[in-house]
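There are two complexes below, and they share subunit A, which is joined by subunit B in the first and by subunit C in the second.
What follows is the complex of A and B.
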């Protein structure tokens, strides 16, 4: 295994381009090192991207949005009061991953590119409208988070592309987001169902909404019908019922001992309602 | 396989070692630097027995490569006592009998020290969540939690 420490993303993508074997990027390493340990794979080339300028910084842009460096760990995000105030749901998704020790290393981009359908931060990022910069041979392109995962363990990224930044939109006025997941215990487990809701209010009426589900399909997914059930309502009983139905209907889950298909569909509806209520009260400033 | 020369700081002292890039920081600490306080439990970041701090941040040293230690500051359980004087957490763990076999103890002590530096007045719930990634198979957690709460109270009084 060759260990590389490039100083730019272009250099990193260049190493990837000339690599003929298995290649992995190292930021927090909480997935890569586990795979190496389990002999699932040992990379021929391991590219440590932490020597690149800016990868450990959280920056508020002039437009009010946020740029998150690709090696910023979950703990660093949770300790950032202004970021937490703007996007509590994104923070909730990231913070639920692993233990305190894992939080000291794990990153949003690692969670995204590992490609698990149950990744907690991914539905939260999708609902928030997060995009990533991807550096490749033809320069930098922007991709919405929702377009990155293409199946379990698979992403849309080419072999010579590397995610080089995370961009969270400006929160704007009267907005709120929330992420909830169901696990069979209280901590340190993988989502059986995850649900993120991001919405904006015009007085008491929901004017914009996005609902995303995790762990109930081959990739996390945005549920357009669930958002439709919310928009134009005050989150009344009928809206909540329609939201739950739309969320359950969108599920295409696996059936296993941690959750049957029927259970996962039902819980998706329940979590969507609960997350919507939290997001709504946050949008109200409560 | 070419070994890489790493210079780093461990418990305030300069340290250097040669490592294969595939070796974990845990292996380097134990096998190269002979600091065997950090234990290997699961090797996959689930049990916390290998907890150390890396530039002040609590991590599992089994999920860090040795080569990543270049230029960093590492603290391990070996840096916790001041010579023969135990750290208050270590003293309280003995008083509360908060250990039996002791395999998980170095990781739990390193983790709780990091917690109390960040939050000197944690609730019991906060302590339990903070330590969710430190598994113990014999003491049973309650004595550990009591020792941590008692230490925190003492340290607050002393400060």
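What follows is the complex of A and C.
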């Protein structure tokens, strides 16, 4: 195994281009190091991206949005008061990953690129419209988070591409987001179902909405029908029922050790309703 | 050795000093299984079967052996070939013979100069398998067309016509159950299941073995009982017992699962072959796949009750699978199921069934929680249908001194009634419940154990004492032994140091199991201290020129027994010890026996749960353990045992389970998916220590470690039934099951 410490993303992508074996990037390491220790995977090239300038910074852009460095840990995000005020749902998704100790290392990008359908931060980023910068041989391109995962453990990134930044849109007025997951325990578990809702209000009426589900399909997914069920409503009983139905219908889950198909479909509807209520109340400024 | 002392007004017993091993443990200085190293040490890795059931056609280790750094490879051929019975089973589990019998079964092992090299070498050991049909479910394993795990494994007890996977059978009871059912106003008959769960100790198995060319060995390992390890390893390696010295490391949990061996004989065999020290440390996946979970159970219970709550008859059929070996604990399951009650008509049938799973190992009251789940759930079902208070019904039927136990003997003094009364009087039992909450209660029993025990106590020159014991300290036993020695000798707790010594230093000691250490090692410590006191008194008598009989021992001093003995100022232990070299030599006491006056411990638990009816998620919102300790030597560690038993029982009840795929492979081999409760899943577990002295211990001690895991399984199921109106008769009470049950109730 070769351990690399590039100082630019271009250099990192260059190392990736010449690697012929198993390649992994090391940011927080909360997936990679565990996989190495458990003898699941031993990389031939391990590229530590923490030596690149700016990877540990959280920056508010002029447009009111946020740029998050690829090595910013969950704990740094959840202790950032302004970021938490803008995007509590995104923070909730990130904060649910692992233990307190893991929060000191784990990153948004690691959670995204690990490719787990159950990744907690991904539905919230999708609902929020988060994009990532990807550095590759032809420079930098922008990709929406929803386009990154392509299947369990798989992403759309080429072998010589590396995510170089995360961009969260400006919150704007009268918006709110929330993320909930179901686990049988209270923490240290993996989502059986995850659901994020991001919405905006015009007075009491929902004018924009995005609903994303995790752990109910090969990738996290945006449920357009669920958003439709919300838009134009005041989150009344009928809207909630339609939301739950749309969320349940969108599920394409598996029966496995973590939950059954029927359970995941049912709970997706329940979590969608609960997350929508929280997002709605946040948008109201409650 | 009977109860022969005051049981109140102790000076040290019943206090809560810090444990002597505490500082080392919280500062990281304590040495656990993986914490030792030896010059020239190799790392061992075990090759495990990926198949649930397969013939091993060929093992080709040539590529691995050719690797630089690889020093030895062992297979079954490197172990004893003349074993029978339990020893053969043990070896068959430690290293597969002709067949791999479960996913994770060891088939070969390699030692190399680094862990990474050993891991790579293990991947190059080429094992050719012929995959066979498998079975992992107990009921499936009994069916006529089930794959046969091993022909001829059944013993004499199995009735004719049963599948060869049924290897042992038990049947006993008393009275006339049919007549008893006829007297009942309500008779229910239901089936219950529990899943296999793992002990889940934090510390994976680890050892460091050295076998020299002279056939002598040294083993450092994490175990509950190093004499057991010595005997088992010596047998599997075909060496004499005295040629192997075993030292127990500190232990990060065992719960019964570290009373046997898995990696220790393999490390010794590798060391013998490589002629270098070999260390093996299991991964969590190894632990879950290949060390002892419990048995799983499928049970049918029939019970009759009168309108006023009298149990007229109880019968149960208990089918347990304990892996691919005959060992499922059907005896204790049947013995404990109805043991809390005075039932005139009772009948038990037990079947021990083999399947393609790892060899079950002891887990905290092994066998008892399954039977308790079935029996105590049934009592709750009867109480609900008859609209009776579950504690009143238990009080009405409670076994007490003189009751003929469901499993035969007549109880001596026991404390079930006292736990039930304390539970009923506890504020928890009357506390109001909120929406979606429900309360459950259940009682449980474990008979506890004595076992072979040998303890030495030596007085130092300054009047302090050192105690050498052979039972590893899992739950604070050094502190408990020090308290009992201090009480007996009349010296401060801090003046007693308790050491867990190696197998070369004492006669045979059974492991810290069966809730026996505080009882048996404690009894031996007290007796050893009393022998030392006799010698101390003799030295004083000699000095004073009076009869030894005329000297008494009080508050750490020898004193004349009365005015007739003479007028002498007291001689302290320090004064006598300071001169002992010139008054007859070192003073020590020793005691060894197999004490059998252990007293059973009963417990009653109350639990409140809140069920999210939209998701089936259960939260434990309040929990109270009431249990008879006999005498709590160190109350904080008694409470710790109560809480630990409840926590593990809550895990077993709610989310823990061995999940096998259709391929017979274990699906959840890490703690992410093997769902032990985490700290935030549990409320503060309240405890009430009841003290009904055990007549078989000088200070009245019973064991407390195991009983506490017995009531939680049914108590949780009863609470969920109260909260939801649906009765789940299969564990775990996982959210998908609860949600499905709620939905079918509303559909129906």
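As a working rule, the second predicted complex is superposed on the first by the 285 of 286 C-alpha atoms of A that agree within 3 Å, B and C clash if a C-alpha of one lies under 4 Å from a C-alpha of the other, contacts with A are read in each partner's own complex, and residues count from 1 in each chain.
The working rule: a contact is a pair of C-beta atoms (placed from the backbone, for glycine too) under 8 Å apart; a residue touches a chain by one contact, two chains touch by 3 or more.
The structure presented is a predicted model; accordingly, all values stated were derived computationally and were not measured.
Asks: Applying the touch criterion given at the start, work out whether A:105 contacts subunit B, subunit C, both or neither, answering first, second, both or neither.
Replies: Touch partner of A:105: subunit B, not subunit C.
Asks: Based on the superposed arrangement, let me know which partner A:231 touches: subunit B (first), subunit C (second), both, or neither?
Replies: neither
Asks: A:48 in the overlay: touching subunit B, subunit C, both, or neither? Say first, second, both or neither.
Replies: Only subunit B; A:48 stays clear of subunit C.
Asks: If you stack the two complexes on chain A, which partner ends up touching A:3: first (subunit B), second (subunit C), both, or neither?
Replies: first
Asks: Once the structures are superposed on A, label A:270 by its partner contacts, choosing first (subunit B), second (subunit C), both or neither.
Replies: In the superposition, A:270 touches subunit C alone.
Asks: Please work out whether A:187 is in contact with subunit B alone, subunit C alone, both, or neither, and reply first, second, both or neither.
Replies: Touch partners of A:187: subunit B and subunit C.
Asks: Under the stated touch criterion, name the partner, subunit B or subunit C, that contacts more residues in subunit A.
Replies: Looking at subunit B versus subunit C, the one contacting more residues of subunit A is B.
Asks: Which partner chains sit in contact with A:33 here, subunit B, subunit C, both or neither? Use first/second/both/neither.
Replies: In the superposed model, A:33 contacts subunit B only, not subunit C.
Asks: Kindly classify A:258 by the partners it touches after superposition: subunit B alone (first), subunit C alone (second), both, or neither?
Replies: In the superposed model, A:258 contacts subunit C only, not subunit B.
Asks: What part of subunit A is shared between its subunit B contacts and its subunit C contacts?
Replies: Correct list for subunit A: 38, 187-188.
Asks: Enumerate the contact residues on subunit A facing subunit C in the complex.
Replies: Touching subunit C from subunit A are residues 38-39, 182, 184-190, 192, 256-260, 262-263, 266-267, 270.
Asks: Spell out the residues on subunit B that touch subunit A in their complex, using ranges where they run on.
Replies: 1, 4, 21-22, 24, 43-46, 48, 51, 54, 57-60, 62-65, 67-68, 111, 114-115, 129-134
Asks: Please name which positions on subunit A make contact with subunit B in the complex.
Replies: 1-3, 26, 28-30, 33-34, 36-38, 42, 46, 48, 50, 73, 75, 98-102, 104-105, 187-188
Asks: Across the complex, what residues on subunit C touch subunit A?
Replies: Residues in contact with subunit A: 119, 283, 285, 614-617, 619, 654-655, 659, 667-668, 670-673, 675, 677-678, 680-681, 734-736, 739-740, 743.
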